[in-house]
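Letters are used for the chains, namely A, B, C and D, taken in the order the chains are written, and counting of residues starts over at 1 for each.
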Amino acid sequence: MHFDSDYTSTCHPLILERLAQTQGQHFDGYGTDAITLSAREKIRALCQRPDAAVYFLCGGTQTNMVVINYLLRSFEGVLAADSAHIAIHESGAVEFTGHKVLNLPSRDGKITAAQVDDYVNNYYADPNWEHIVPPGMVYITYPTEYGTLYSLSELEQLSAVCRKHNIPLYLDGARLGYALAAEDTDVTLRDIARLCDAFYIGGTKCGAMFGEAVVIPDGRRADRFFSHIKRHGALIAKGWVTALQFDTLLDGDSLTDTPYYNICSHAVKEAMRLKNSLIGKGYTQPVDSPTNQQFIEISLQQAEELKQHITYGEWEPPRGNKVTIRLATSWATDPKDIDKLIELL
Amino acid sequence: MHFDSDYTSTCHPLILERLAQTQGQHFDGYGTDAITLSAREKIRALCQRPDAAVYFLCGGTQTNMVVINYLLRSFEGVLAADSAHIAIHESGAVEFTGHKVLNLPSRDGKITAAQVDDYVNNYYADPNWEHIVPPGMVYITYPTEYGTLYSLSELEQLSAVCRKHNIPLYLDGARLGYALAAEDTDVTLRDIARLCDAFYIGGTKCGAMFGEAVVIPDGRRADRFFSHIKRHGALIAKGWVTALQFDTLLDGDSLTDTPYYNICSHAVKEAMRLKNSLIGKGYTQPVDSPTNQQFIEISLQQAEELKQHITYGEWEPPRGNKVTIRLATSWATDPKDIDKLIELL
Amino acid sequence: MHFDSDYTSTCHPLILERLAQTQGQHFDGYGTDAITLSAREKIRALCQRPDAAVYFLCGGTQTNMVVINYLLRSFEGVLAADSAHIAIHESGAVEFTGHKVLNLPSRDGKITAAQVDDYVNNYYADPNWEHIVPPGMVYITYPTEYGTLYSLSELEQLSAVCRKHNIPLYLDGARLGYALAAEDTDVTLRDIARLCDAFYIGGTKCGAMFGEAVVIPDGRRADRFFSHIKRHGALIAKGWVTALQFDTLLDGDSLTDTPYYNICSHAVKEAMRLKNSLIGKGYTQPVDSPTNQQFIEISLQQAEELKQHITYGEWEPPRGNKVTIRLATSWATDPKDIDKLIELL
Amino acid sequence: MHFDSDYTSTCHPLILERLAQTQGQHFDGYGTDAITLSAREKIRALCQRPDAAVYFLCGGTQTNMVVINYLLRSFEGVLAADSAHIAIHESGAVEFTGHKVLNLPSRDGKITAAQVDDYVNNYYADPNWEHIVPPGMVYITYPTEYGTLYSLSELEQLSAVCRKHNIPLYLDGARLGYALAAEDTDVTLRDIARLCDAFYIGGTKCGAMFGEAVVIPDGRRADRFFSHIKRHGALIAKGWVTALQFDTLLDGDSLTDTPYYNICSHAVKEAMRLKNSLIGKGYTQPVDSPTNQQFIEISLQQAEELKQHITYGEWEPPRGNKVTIRLATSWATDPKDIDKLIELL
């Protein structure tokens, strides 16, 4: 049984079926084909932004470096939680593009509007401000690396403070589907398109083979984005392959009708079953995650035993006799496996 | 009928069949899975280099920037034909990594050992050499952008001059299959692995959905290449998807048994049928291409008529009343379409 | 006797005198001091641009990389003559900032408005334009590396074509003084400030110890230029040292009253004496230079003999029995040395 | 009276005298002149490293970016205190070269061998290490930004841990003279040359007009450093101007005979007089600095009054009613001014 991540199962069968139907077809290159146009229109409709620029890239690190390098002026940095993916797990991809990641302390993966406001105000108040990297944009993950979510009110505050300071807000939605499908969330895809200056709808971790859909809601702010993508080596010749996956996953009259939503909803439901059981058994959870990633602290001995039965993610190096592990569900999670996991724990 | 490029048809059916077989399977992330290991071993065997480092990336521009930036010291440049893909069509991806492309004049896409030797000798003879970007590696395309090929003797001379000057030779094999399957070539994959310091086996333009296989024959020269890939945003989580395509296409006891070879051989055969007919009809070909890309000069009027029946590539902006067009075959080319095209021309 | 370059003599005595007068004084750091403000105002007045942004940097390569990287968007390239300093002699500094140098062929170091117009038009006419580095600005040297000058009409045409295509025109004035002091020039400093979007007034090669004064005539286009300079390591703590040199050299009611002009005028006069003599003696000059650099073709034997008496610059590696050498005058050139040189030749 | 920094007075008179003596002399360009060779030899002798590579650059930020970018592989980062100059006050110059600054927490500007050892060990212990920026070198300032010093034992431990992990140790000596001239230090210049893989001897803040002398004790590790400098725009044509300042300041049979040492010794002595008085008066010092920078916490009211009489540096934005200020001495500090300052406080 596999709970190590949400990208370790093959892709959703609908995508393979759709791929099989392409036999004998001809596609224009580099994302100028009909499937790409169709997928773009579906995303525009779901976001209620007919003017949005939509591009399909291959992976999350790539998307982050392309978007961040596009939005920032050369000497600016990007504000992010100190636990953010771009701050730690991207091998310096942001620095490769010449930009500094400006860390904000965070315990649950989230940052606050007040933190952003203080940072920007302190920056301009510093007598040496012109010698210091200016905060040129804000990066958030949604869900965060800890599975946590912003409320609509929190997102609105973040957006407002960014607009007050005239810096873009960018949302990394590598696992966006799990956020949208969370049980008590009050944030919709349309809210995100309204509140963020750029974001991406993650495919790789939500049932696709690979692919992330970048959305810049105000399409006028995407001038020459195509060439910018190419310059980062992020443009593939058969762009339709990436777009096809989103065209399939995001097909539906409304978001809740789409396979994307239903795949993620399934994963979240199973994660909640697991979570409730864990709470009942008295496990310590470092964060309260309403999405498909659940974290628990267990003893090294228990970790060793668990390894005989399942795969899981080791979240941090062990401290003393304890280790925090990640259990992730996905489109492929069999409810029976959750039952068995609950028995094991 | 489509002759505009070799990447505008969907992918080869064998790949879709193989993908369908992955249902229900679990794969470790980032290229640490069993399919990646298998594909790597197949490539090592075909190259007769059991020690080779093999990595799977998504596209050609990406591969070029990753490999070139890895092989060069920070202040060095890359020697290439002035018609080379990296010199023109990659939106400055090489410059993005901080390196200058040092142009060598070329009429058919090829460069010679003598040109490289002269360039390096002149560099060190220049009184201002320390102020000038040094030639730190040589980049060639094979086949070239004009479909032309190096002979074994030419490749051996290029390799020898590079080794004399202690600079790596890198071969961009975006269309490598068509070169290996050319009728009169005396160059084998093993020759390439013996003579080059790095090269890639192109997938995107040879029947795959996407993907290029980087080979560094002496694996000791690939230290931390994995992290280097990640830093360029070129690592995808489900690395098995890329590897699977090569594991499928390169399956066989010897290269000529593989689907990769047979796909490309088919395309080359059809291109040769077309070429012979074109010669018979008295067309002017700017270069003599033995591979799947054929170039002919036609009148603007003929070009306009042709557009009613087929897609083709316009190779250069028209000059006067003439335009050079590209006709490309691929795995998907139907021999009957070649028959019809011959009738049209 | 030294004719190898214009930067091999110590600096003009006026600068040392002025430096000596700073004893006991206090200066604010990083160019916020009174001398910097004074030098800036003098330059603004001479350019008749009271709104100009003026910054003082240390050297020519540094200035070029800072200005070019500031003016270009990340994916754009800079158009320049293939003999331009940035194209050859700056160790890839422009590429280090991520930008491609787009070469225009040139025989005398100059480029034409028609070349720029054609390049930009061809760029947008190319079916693959979005995959190609766009021409984002134009770089010219004045005087050129061959000592040649643009006429006012040529400069106006270049400026007009740049404005037509909405790309900035940047003038590298490493030896600007020699151009302004040339005998028959019809171009003034005010013309340059009117026609260019950025330029620099060279100090290092015109009598200073070091230093170049960047001018952006429309100061509103220099937002955060200070931080941009700092990020390139181009800001020195005692900024007054650089500014002092320009405050001294550019002191005067009008340009022709300034030491800068008079220094360069002296050098040009001596160069013209030499040139006229060379013409009289029947020497071949590859270009007709009206400034302080004179080029002649001599035999290798004569070159060897000359070396016993003077230093000179070898301009290119010898061809056959001939070599082109550069003879440069400067503020420090003693007319008696020119007399002796004429005797030697 | 000026106590705001050590770089706000003009330069030491010896340098101006020496400059005046250059009248009428000829110097080869770009640091190939006799003065540069002489200064290089003096530094080699003082360091007891006849094989050292020595280069003269213009400023501290420039030197840091050039050296760090030279020592690191492209995907590596530099370990530094979170208060380090490169981490905060260099406008992202290190990130501009593509490298991440990896922060180590510090309260007095220093880092420990144990911190470095832990960081490197944790890095390789992390299950995701290949996705994380590796610590490729260690950067320390000496004295630190807080005026504090490493003991010989601390430096030896840092050096040992770096050599154990095979990563270079680089020492930023912007104010090195004040460290060498500190009263109780047990660290000599030779120790630094023995324990560090690269360092620089600061000129700008120790009496020069500008300039920093980079020393790579094992000269074999400086291959093509010259071209690397040029590529960063950090090479000036009249290299002798920078070298002359070091040739003057470092003239002497031993370090303690040199003007450099004596200038800094004077500044430290006056700083110690001030410090002892401050302690006597009961001021709170956030750190115990044995060098020319002294920090005290005062009330906002006192700060306002002080401003009427002296210039000082505001070290951090005020907290509540308190502000920490910096009082710096230099070669130019008049002992009578220290007397007056003591009266004021």
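Assume a residue touches a chain if its C-beta (ideal position, glycine included) is under 8 Å from a C-beta of that chain, and two chains touch if they have at least 3 such contacts.
On a predicted model such as this, the values are computed, not experimentally measured, just so you know.
In terms of C-beta pairs in contact, the better-connected of the chain pairs C-D and B-D is C-D.
Compared with subunit D, the chain whose C-alpha mean position is the greatest distance off is B.
One simple way to say how far apart two chains are is to compare their mean CA positions; for subunit B and subunit C this gives 42 Å. Subunit C and subunit D have Cα centroids separated by 34 Å. Centres computed as Cα averages put subunit B at a distance of 50 Å from subunit D.
The multi-chain contact residues of subunit C, meaning those touching 2 or more other chains, are 74-75, 90-92, 96, 98, 130-131, 227-228, 230-231.
Interface of subunit D with subunit B (complex): residues 30, 69-70, 73-75, 98, 130-131, 134, 224, 226-228, 230-231. Residues of subunit A that touch subunit D in their complex: 74-75, 77, 88-92, 95-96, 98-101, 122, 125-128, 130-133, 314, 317.
Contact residues on subunit A toward subunit B in their complex (touch as defined above): 2, 5, 7-11, 13, 16, 19-20, 22-29, 58-66, 90-93, 96, 204-205, 209-210, 227-228, 230-238, 241, 311, 332.
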